[in-house]
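Both complexes shown next keep subunit A, but they swap its partner, so subunit B is in the first and subunit C is in the second.
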Partner chain A sequence: MDMLLQFVANGLVSGAFYALSALGLTLIFGLMRVVNFAHGELYMLGGVMGWLATTVLGLNFFAGLALTLAVMGACGWLVDRFLIERVRDQGEEPSILLTIGLSIFLTNTALLLVGTAPLTIEGPLPNKPVFLGPVVLTELRVFAVAACAVLILAAHLVIRHTRLGRAMRATFQDPMAARLAGINTARVYASTFALGTMLAASAGMLLGSIYSTHVSAGGVVSLKAFVVVILGGMGSFAGAIVGGLLLGVAEALWGGYISTGTVDIIGFIIVILTLIFKPYGLFSTQVERA
Partner chain B sequence: MRKLILAPIIATALMASTQASAQDTLKIGLIQPLTGSVAYNGTADANGARLAVKERNANGGVLGKQVELIIEDGQCSPANSVNAAEKLIQRDKVVALVGAFCSSATSAVMPVAGKYKTPFLTGVSSEASLTEKGNPYFFRSAETDALLGKAFSRLIVDNLGLKKVAYIGVNDDWGRGSAKAFEQELSSHGVETALIEYFNHGATDFYTLLTKLRGSGADGVFVAAETQDGSTLVKQIKQFGIDMDVFGVGSWATSDFIKITGDAAEGIYAAVPYVSNLPGERNERFVKEYSAAYDHAPGKYAAAGYNSMNIMMDAIDRAGDTDAQAIVDGLHATDYEAPNGRYRFTEKGQGYGFEAALVQIQDGHTEVVATTRIANPEADSGGQ
Partner chain C sequence: MKFERNTLLVLGLIALAFPLLVGDQYLLHIGIMVLLYAVLATSLNLIVGYVGEFSLGHTAFLGLGAYTAALLSLRLGLPAWATIPLAGVVSALFGVAIGAITLRLRGPYFVIITLAFAEVLRLIANNWVGFTNGPMGLSGVAQPALLADASPLMAKRFYFYLALALTALALYLAYRFVYSNNGRAAVTVRENRFVAQSVGIRPFVYAMRAFVLGAFLAGLAGGFYAHYITFVGANVFGFAFMVSMIIMVLIGGKGTLIGPLLGALLVTLLTEYLRELQELRLSLFGLIVMGVVLFLPNGLMGFLNHRRERNQSDDTADTATRVQGGPA
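Up next, the complex of A and B:
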């Protein structure tokens, strides 16, 4: 019983991280119809930026996070205006090729600049154990889960309750009508990509403080994010959260009771079952996107 | 992707050989993981190999030619390593191959080396069955999991006094092989097995595994992991409040491991074939040259890259020719004085004769607890 509680706790923690990592991907897909294969690399860059800000520039964690968000948001904006803009409205394949190319470029640029060494980001709290009954967590993990919740809530509020958010949703529903109504859709797309990039980067920095990060971290993250997004429904906000938590708990239970060596199989089983029985994912009501 | 990484390397290699025209260089191919979760270790190996080539070229090269080292990224994956081998052999026309790092990748490259009759030496891959496959072009200048397990189990039982041990390894041929080999050897010394579990390359969260470990009642845990995964795992063992003797194989006793693991590294034991504070003049010289070139002391993989490249270049020199069979004969005649003892090869191409050390991390440094020699496996066990 104690073991079960610990497994579920572990699963919920990593599930919250999966949810945050997947959110940017689902947002960009839902609003822009761009399958962003560079998502994991944007996550990695967030970690590297966070490391630069805290270790090289000597900022504290929160100042570092703010700086990372600002820089990565700007990067996302520029990527959209200078790269994705060129393949907009040409179907999905050109943007897939473009983002795959971008992911290779980003990994190797980071490799040239910071090398292969694992990078540790100093967290805002110590990694001391916290005991909740039979369950062990660390202060930093509790903090990270809370930070995930705050970031997810913030993104939700931006999309639901701001002018920019309304413009985003209008553009998604009908770009032509949105343009006729006077919405500058080019700016909306760039803002969406910037927001998705900031979510990925914040996940990268937050998780870099708990584990450690390195320039090749992006691949695994992309893989898990795609599992979460397919399970939850492409473009669904609630789906990303539920999908992330489900994947985290499923992996923890599989690892706990079957074997940790084969734990990655569970993600693929989930993808296959989802595609067979509910190909649009758990939460894909066409209206409720984003 | 590869081009981008390799451009500066190739450029340097070409610059080093400006006097000699392209046909005059002797090409050796090196396959290492330069990206992915063991990239850090693969890069260290490549750095060691580069140093060996630089030294050799400064002393006149091999067979009167400058050696040109062509490095490809195998990513520790069988598919990418095979592609790299095909490219090196077919397009670059290398006379010999070194590398592949991960046992699974090396195992996939072996048939390619066999098909094109290209001598192939690994300085790292330690999964025992590689040298049992009867590939005459394959050699290994590294300990096998079984040899390391045999050499160290006595030392571990005597020095740590463990009764019940849990085994955790990375989920590939090397990790599984190491966990199995140590489990076998320690069992034969009366140590109970608490659990055997594996995790995937690049895994970041070990809490599920550690929950099981905590409930297993072990008093020691054996870990087979490389710097990145190992560091994350060890940190989480300490966070989780588990107080057990931790010992392992992989790239543990390096300054980088200690740097990224911090206090959590204190007290850990590592069974390593090389550590930079091994005694001996030959090692001092290597450490000095390596430190001058890369600003930090060499670790296990830097030494492996350095040794394997030197062994291959010696063999080609001894062959007097770039003919594959002559190089293979040259490799069989190896008696190479390395920073960590003398390397020789058995009939099957398995290296032996070099030293290995049990070290403990104390106050941020590695202290050599004991050393032992990797014995000729065919001498006492009839070549299993």
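Up next, the complex of A and C:
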């Protein structure tokens, strides 16, 4: 029984990161309809940038996080303006291929520049254990989960309560009407992509401070983010959070009671079952038009 | 149609003569890999180019074929002439099951669910140690018996002709499929699903036929792979194979029969000759993929067909309305 609570707690911790990175993807994939297979690579670059900022440049964790967010936001903006922009409104296929190409390029270029060694980011708190009843966590994990929550809240506020957020919601409801109302939709798309990239990158850096990050982590992260977005429902904020936590807990339980080697299978089983039985996800906000 | 058939026949004749003119094992090996990839790219092209859905899980069928052939050969001692067709059949059966589930979905959902199936199979192959030998893989798959005392060069030539036979079979089936009512119906569905439905074409049925045929061909290629390489590991389900296949179909031009062949030839040669740039190779691949999507969206064959059609319409402006039967 004690173990059960511990597994659930561990699952919620990793679920918080799944939620954060999936939130980025739900903006890009759910709203913009860009099937972004480079999402995991953006997450990975966040970890690498964080490592560069804290270890090589010697910044403290928070300054490093701010720098990472700024740089990755700019990267996301550029990727959208120079690559995604050119295949917009051509259906999914070009964007799938383009982002697969981008992910191959980013992974292997990062591999050339940084190497295969795991990169550890110095966290802002020591790895001291915290006892919550029968459950043991570390201070760093508690902090990272809190940071995830803050970032998710910040993204929510940006989308709900700023001019840019209003423009985004208008654009994704009806791009033509948004353009007629004087919204520069190209800029909105680029901002959304940048925001999604920043969420992925912050997840990469936070998780890199708990475990470690390495340049080939991207593929698995992309797939799990897709699993969460499909489970939660495309474009749904609540769905990404609940889906992320569900996936985290399911994986922790599977790993704890069944086998650790096949942990990744649970996500794929979830996605197959979701698509068969509830294809619009748990919290879908929009009905798919044919 | 004629242009495509004649080009295919000429390419076939060149390929027939190739092993007789070349006595170098390395070149023959490259030739065999080109043919293997040609089968794979052709089979993927049936789904990407003719169903119009993007499958990222095609390695599932390659892997199923390879594991089937390897297991039948190692556990039951069946010879290669039995295991390779059986590999195709097993893949096709899985194609029926997987297609029945996945073809209900379209667009990004189809992409993700096919990828999920391939990944599930990869994880099973990697973890079910009792059956698939897990991460150690299956080694020592038997070579065909008549190669027992052949020289390495003769063995390579034998494999080359075997691969050529498979490629010819794959192209023959693909050709018959594409230029049958089935293929035309599939193209109609690809171009406009609703028009197709309105004239009585049931999209699911035709997509399913193309999917199962693609699975069958990929399974044959997998079976051949198992006997030729003599080792099968979970990497046959991996994303690396998938990426190569996609790039080949894409660069060559999807929805044409020659395109994937051209793609297989180009990409295999590029991979071999860029070996000196080992480190940079994959980065370059990524850039090439992005470049093709942005600048050559219909691949080389799309580009050439476009040129050809434009020239023809210049030459014979009055007969330009006669459709050349080329793929859309």
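Quick note on the criterion: the second predicted complex is superposed on the first by the 286 of 290 C-alpha atoms of A that agree within 3 Å, B and C clash if a C-alpha of one lies under 4 Å from a C-alpha of the other, contacts with A are read in each partner's own complex, and residues count from 1 in each chain.
One rule holds in what follows: a contact is a pair of C-beta atoms (placed from the backbone, for glycine too) under 8 Å apart; a residue touches a chain by one contact, two chains touch by 3 or more.
What you see is a predicted model, and the numbers here were worked out from it, not measured in a lab.
Superposition model on subunit A: subunit B and subunit C are shown in a clashing arrangement. After overlaying the two complexes on the shared chain, residue contacts for A:Glu92 are found with subunit C alone; subunit B is out of touch.
Of the two partner chains placed by the overlay, subunit B and subunit C both lie in contact with A:Ile104. Touch criterion met: A:Leu83 reaches subunit C, while subunit B stays clear of it.
By the document's definition of touching, neither partner reaches A:Ala147: not subunit B, not subunit C.
Within the superposed three-chain model, A:Gln6 lies in touch with subunit B and out of touch with subunit C [touch as defined at top]. Contacts of A:Ile183 after superposition on the shared chain: neither subunit B nor subunit C is touched.
By the touch criterion defined above, A:Gly256 reaches subunit B but does not reach subunit C.
Contact with neither subunit B nor subunit C is seen for A:Ala155 once the two complexes are overlaid on the shared chain.
104, 107-108, 112, 219, 259, 261-262, 264 are the residues of subunit A that lie in the contact sets of both subunit B and subunit C, per the superposition on chain A.
Touching subunit A in their complex are the following residues of subunit B: 1, 4-5, 34-37, 39-40, 42-43, 171, 197-200, 202, 204-205, 207-209, 211-212, 215, 227-228, 231-232, 235, 239-241, 256, 260, 262.
Within the complex formed with subunit B, the subunit A residues making contact are 3, 6-7, 10-11, 13-14, 104, 107-108, 111-112, 115-118, 120, 127-129, 136, 138, 207, 211-212, 214-217, 219-220, 251-252, 255-256, 259-264. Of all the residues in subunit C, the ones that touch subunit A in their complex are 54, 56, 101, 105, 107-109, 111-113, 115-117, 119-120, 123-124, 126-127, 239, 243, 246, 250, 279-280, 282-283, 285-290, 292-294, 297.
Those residues of subunit A whose C-beta lies close enough to touch subunit C in the complex are 29, 33, 35, 83, 86-87, 91-94, 96-98, 100-109, 112, 219, 223, 226-227, 230, 259, 261-262, 264-265, 268-269, 271-272, 275-276, 279.
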